[in-house]
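Here come two complexes built around chain A, the first alongside chain B, the second alongside chain C.
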Partner chain A sequence: MLGYQNKVLRINLDNKTYSTEPLNMDWAEKYIGGKGLGIKYIYEELTPGVDPLSPDNKLMFMTGPLTGTPAPCSGKLAIISKSPATGTILDCSIGGHSAIKVKYAGYDAIMFEGKLDQPGYISIEDDKIQFIDASDLWGKGSHETEGILADKYGTDTTILSIGPAGENLLPISCINSDYYRQAGRGGIGAVMGSKNLKAVTIKGTGAVTVDDSKKMVRKIAEILREDTTTEDNIWAYTDGTPGLVEACNDGGILPYKNFSDTTDVKWESYNSESIQANKHGKKGCGSCGLGCGNFTKIGDAICEGPEYETIAGAGPNCGISDLETIVKFNQVCDDLGMDTISASGALSYAMEMTEKGIHDFGITFGDKEKLIDYLYLMAKKEGVGADLVMGVKAMAAKYGGEDMAMHSKGLEFPLYDPRGSWAMGLAYAVSDRGGCHMRSYPAAEEVYAASIPPYTAEGKGKLVYDLAIYNAVKFSLIFCDFWALGLDRMAEVMTLATGKQFSEEDMNQIAERVIHLARAFNQREGFDRKDDTVPKRILNEVLKSGAAAGQKIPVGDFNKMLDEYYEVLGWSKEGKVPDSILSQL
Partner chain B sequence: MKVSVLLKGYLVKYFEGESKRVLCFDEELTIREAVKVIGIDPESKSLGFVAVNGMRVMIDEPLKEGDQLKIYPRISGG
Partner chain C sequence: MAVKRLKFQKENCIGCQLCMQACSGMHEGAFIPSKARLSIESYYDKGGDIKIGRHVCNLCGICEKECPFEAITIDEKVSVDFDKCTGCSICVEKCPQHVISMREDKAIICDTCDGETWCVKLCPHGALKFE
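Entry: the complex of A and B
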């Protein structure tokens, strides 16, 4: 198939050697690239039960056949490993320009194995690979690190790096690129840190060959004109995700004070209009037709974003409405290399625990000074920070308050209260990497589109499945989440790029395979139905305010949704992938 | 009956670029009927959800004197 470079770069950090090998095209036909193909490699190459922070875990950068082409929203890089936060499979995607550089350097994927004996970074310039000492960079924030490396290598080199959070192996650490873009969740930064790998710089001077470039360019122009830069999508450019603040508040799913309720009377302090009033610039990723990146600057605080998750997490869920504090929180997390969702989730849990007198973490709701100060303690694992970075699941195991620990499988919840969008609860519970909204996003149907009643279990297993199918293809091809076109259009672009005929049904089958394989990885690690759950707060406590006041997800309804989801996928009542499916993966 | 109407996102085109208007209706009506009066097709996939006084409601709910009706276009992603 065209579109691929047909080459994997394998870097052995133990002995500072590297080799190349052909991409496994049998696997590529079944899993395409990005999330799917990355999971396949990690599934095949990792020993079950491996410690995610040991040299035996692997870290893979994976592109797709559309990476480096002008296909809109195709500039994302998938990063795959075993998660230190959850013990599950972990795939993240990061925007910016790194994916395109990997491809132009001549590779579909880069696999990092082993561990450097001293902190170092890898410089990749086409087929020239160098192992370079990073003792002078170790301990520095991601922003400073990237600045130093950009000065050395120039702006046509892309840089992926970790901050102190990754170096200190925090399960809430991320990988940064383009200063403000993150592979954010599941502690992927700690995997890089465990390998003593501070950064990877990549410069590529090659190109990508597609099957029919003329037809593909015409098709892409049509897609951009008719389906991408359209009225329906223009919110991504004008507002970006901050537009969700008002929608989630009105929709009854904006969490308030560690999910103890929803809606916030001060929502206008940090909504899209407030952010627009402090707008400092725009930015887009490579091969993007939308350009959702908005820089916000208030006083000394500046960040790209803040995105909805960070706003809601550091804002209302921590009882804070001051936009400058939210922007500062975003900026500091980015520089330290910390996931804003999990960091704010740990802090909001600590605030509620302190206010309820269960354990004194020294911070209460609304304390905007400590919200920032604690981030530095967390990155260094100093004092109370050492507890907070364990994540809410481990904190609850140590100090209690399990009902207030908002997570699934140890990954802190994104900022949509499932009691106002029942299928969102199922989506968190069955997500392959723990509490996550990027595997299936039913709030878009239950709340934003009002296309299906939100407070019923009826049909929700199928709804979560349908949306998971869509995202599994989207993140395997690999597109940005803002790619809003159907499987049919994905198949059309794939056909023009690769020269192999793809249909909508093919896309559907590939997606199912990816979902089964991710589940098979987790099953091999011991996960099953008992782990597909949400905190008791969601099942037992009704919301007091907002559009979803009076709602919870009754246990019987939750189980009904779960049963239906398993049934649609052909899994057992215990959520096991049967041998008949495993043998086909 | 006076109802304050707030259009979100690109739906402002139905108010010639303005986001807010106060509309007067001669008789009681549902949100669906008000949406039609504004010129928006209630069945359009571009229409998202509607909220009255800051809370999401179903489109066939009735409007009351003094309500603030907010109409969202369809949005996705997060």
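Entry: the complex of A and C
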């Protein structure tokens, strides 16, 4: 099929060899690329029960047929593996320019297998692959690493790297690229670290061939104007995700002090206007069209962002309102290679545990100096840092306070309180990689658009399913979250690139297959209904403040949502994918 | 009427490189930014500042003046007469914007898509203009 390079680069780190093979087109027809096709490869190639940090786990970079074309917002790279944080399937999506470089280098995907005997990095320049010693880079932050490699290879080479957090195998470590873009969640950086792989550099000078490139350029010019840089999406350019601070605060879902309440009277000190006042430029990914990245500087704190999750996580959820601290937190996390959501989640849990006198982690809400200092302890697993990087699930198992450990399947919650958006609670519980807002995002309907009543279980299983369908296919094609294009538009762009006719119904079928397959992977690892949970705090404690004051998700309602979700997907009451579906995947 | 030229405003550039994809898509029959007739790259210099590298033909006329074989003419756009072009590469060396490349001993220069400027049409926030 056109659009694809029809080539997978397979890198064997054990013996420093590589090979290429045709992309499995039977799978590509069923799962397209990105999330879906990456999960298919990992599902087929991993031995069930494999230790995520062992050489037998694999790490895959996956593009799609649109990558490298001017389809708007098509520049994201999916990175897929088994998660060291949760033991589930893990697919991350990273921005920047890595995806288009993989494609221009001539590959649809790169599979990393085994483990280097010494720290090293891989340099890819079209068909030239080199294994290079990285002992001088090991221990350095991602930013310094990227600077050194950019000096060596030039700025048109994309660099993906890990920081000390990934090297030290932390389950809250990420992969960085273009300095400020991350494959953030589930400890994907630790998978790279476990393979002694410090970085991958990619330069691509080749072509992506589509059905009719002139026709595609003409049509994309139209789409860009009429459907991308339009009122529905332009917030990504004008504000970026900091715009959500106000929406979440107003809607009563902005978490405060480790989800002990919502809303913050000081929200204006870190809202979009405050970020804009400190903005020093805009940056988008390759093949973007929107450009969400706000390059922000306050004092000596610099980052691209901070994004909403980081603002809310290091800000109100840690009892902090100082924007410079939030930007610094973002910068240090990026450099150390730590996921800002999980790192701030671990810190806010530690703060509440300390204040409640259950266990003294030496840090309380609002302590902005320690918030930053602790990150360095965490990256090196020193002192209290060694506890914090286990993640809140493991910390609660060791020190108690289970109700305060805000996670699903061991992945720390994103920053939307489900008590003010009930379907969000279901979305966290059933997300394929644990507590995540990127698999289904009902807060947009229940809170921002206020198109669906938020405090009811009615119809929420179907709502979460519908939105999960949308994201599953979007991240498989692979598009960025921030372009709200319809399934019909996705089909149209796929047809433009591949020359094969795609319909909206095809998009639906592909999406459902992806959801089943991700679940099948987790099922094979022993996950079922018992793991589709939210912390008791969400079910038992009512919110005291804000628009959702008085709300909790009663357990009966939570179970009703879960039942409906399984039913819509044709799964059993126990949340199992039946053999009749498994055999079709 | 003044001749229209490509103009670049860096504050509106997000570094998406849709311009290079548009250019190669219209001229090469595939998306291959390395062969685009313009190059715009936005990157973080050591993470500290956004820098923009840009190579865009602004019809300055130096290639026309320097070509020893009168192969290059500029009216509304740049035209290269491949029968006259010997591949001497003097234009490549003299071009102050570094936008000329040599392919099979012929000079490849932006022709502003005969006035259609697809790079401008795919530029999302007006960093490239044709005026």
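Remarks
As a convention for this text, the second predicted complex is superposed on the first by the 585 of 585 C-alpha atoms of A that agree within 3 Å, B and C clash if a C-alpha of one lies under 4 Å from a C-alpha of the other, contacts with A are read in each partner's own complex, and residues count from 1 in each chain.
Following the convention adopted for this analysis, contacts are C-beta pairs under 8 Å (C-beta built on N, C-alpha and C of every residue); 3 or more make two chains touch, one makes a residue touch a chain.
Since the structure is predicted, the reported quantities are computational estimates derived from the model, not experimental observations.
In this overlay on chain A, chain B fits alongside chain C without clashing.
After overlaying the two complexes on the shared chain, residue contacts for A:249 are found with chain B alone; chain C is out of touch. When the shared chain is aligned, no partner comes close enough to touch A:396: not chain B, not chain C.
Here chain B and chain C are compared by how many residues of chain A each touches, and C touches more. Within the superposed three-chain model, A:174 lies out of touch with both chain B and chain C [touch as defined at top]. In the superposition on chain A, contact of A:224 is made with chain C only, not with chain B.
Legend: residue contacts after superposition of the two complexes on their common chain; A:11 is shown touching neither chain B nor chain C. Look at A:477: by the touch rule set out above, it reaches neither chain B nor chain C.
Contacts of A:437 after superposition on the shared chain: chain B is touched, whereas chain C is not. In the superposition on chain A, A:318 makes contact with neither chain B nor chain C. Shortest separation of chain B and chain C in the overlay equals 16 Å (C-alpha atoms, whole Å). Interface residues of chain C facing chain A in the complex, by the touch rule stated above, are 11, 14-18, 21-22, 24-26, 28-35, 41-44, 46-51, 53, 118, 121-122, 124-125. Residues of chain A that touch chain C in their complex: 68-70, 72, 75, 97, 100, 104, 143, 146-147, 150, 155-156, 178-180, 205-210, 213-214, 216-218, 220-221, 224, 228-229, 237, 280-291, 293, 295, 302, 304.
Those residues of chain B whose C-beta lies close enough to touch chain A in the complex are 8-10, 13, 45-46, 48-51, 54-59, 70, 72-78. Touching chain B in their complex are the following residues of chain A: 231-232, 234-236, 238-239, 241, 243-244, 246-247, 249-252, 263, 308-309, 414, 416, 437, 441, 443-444, 447-450, 481-482, 484, 546-547.
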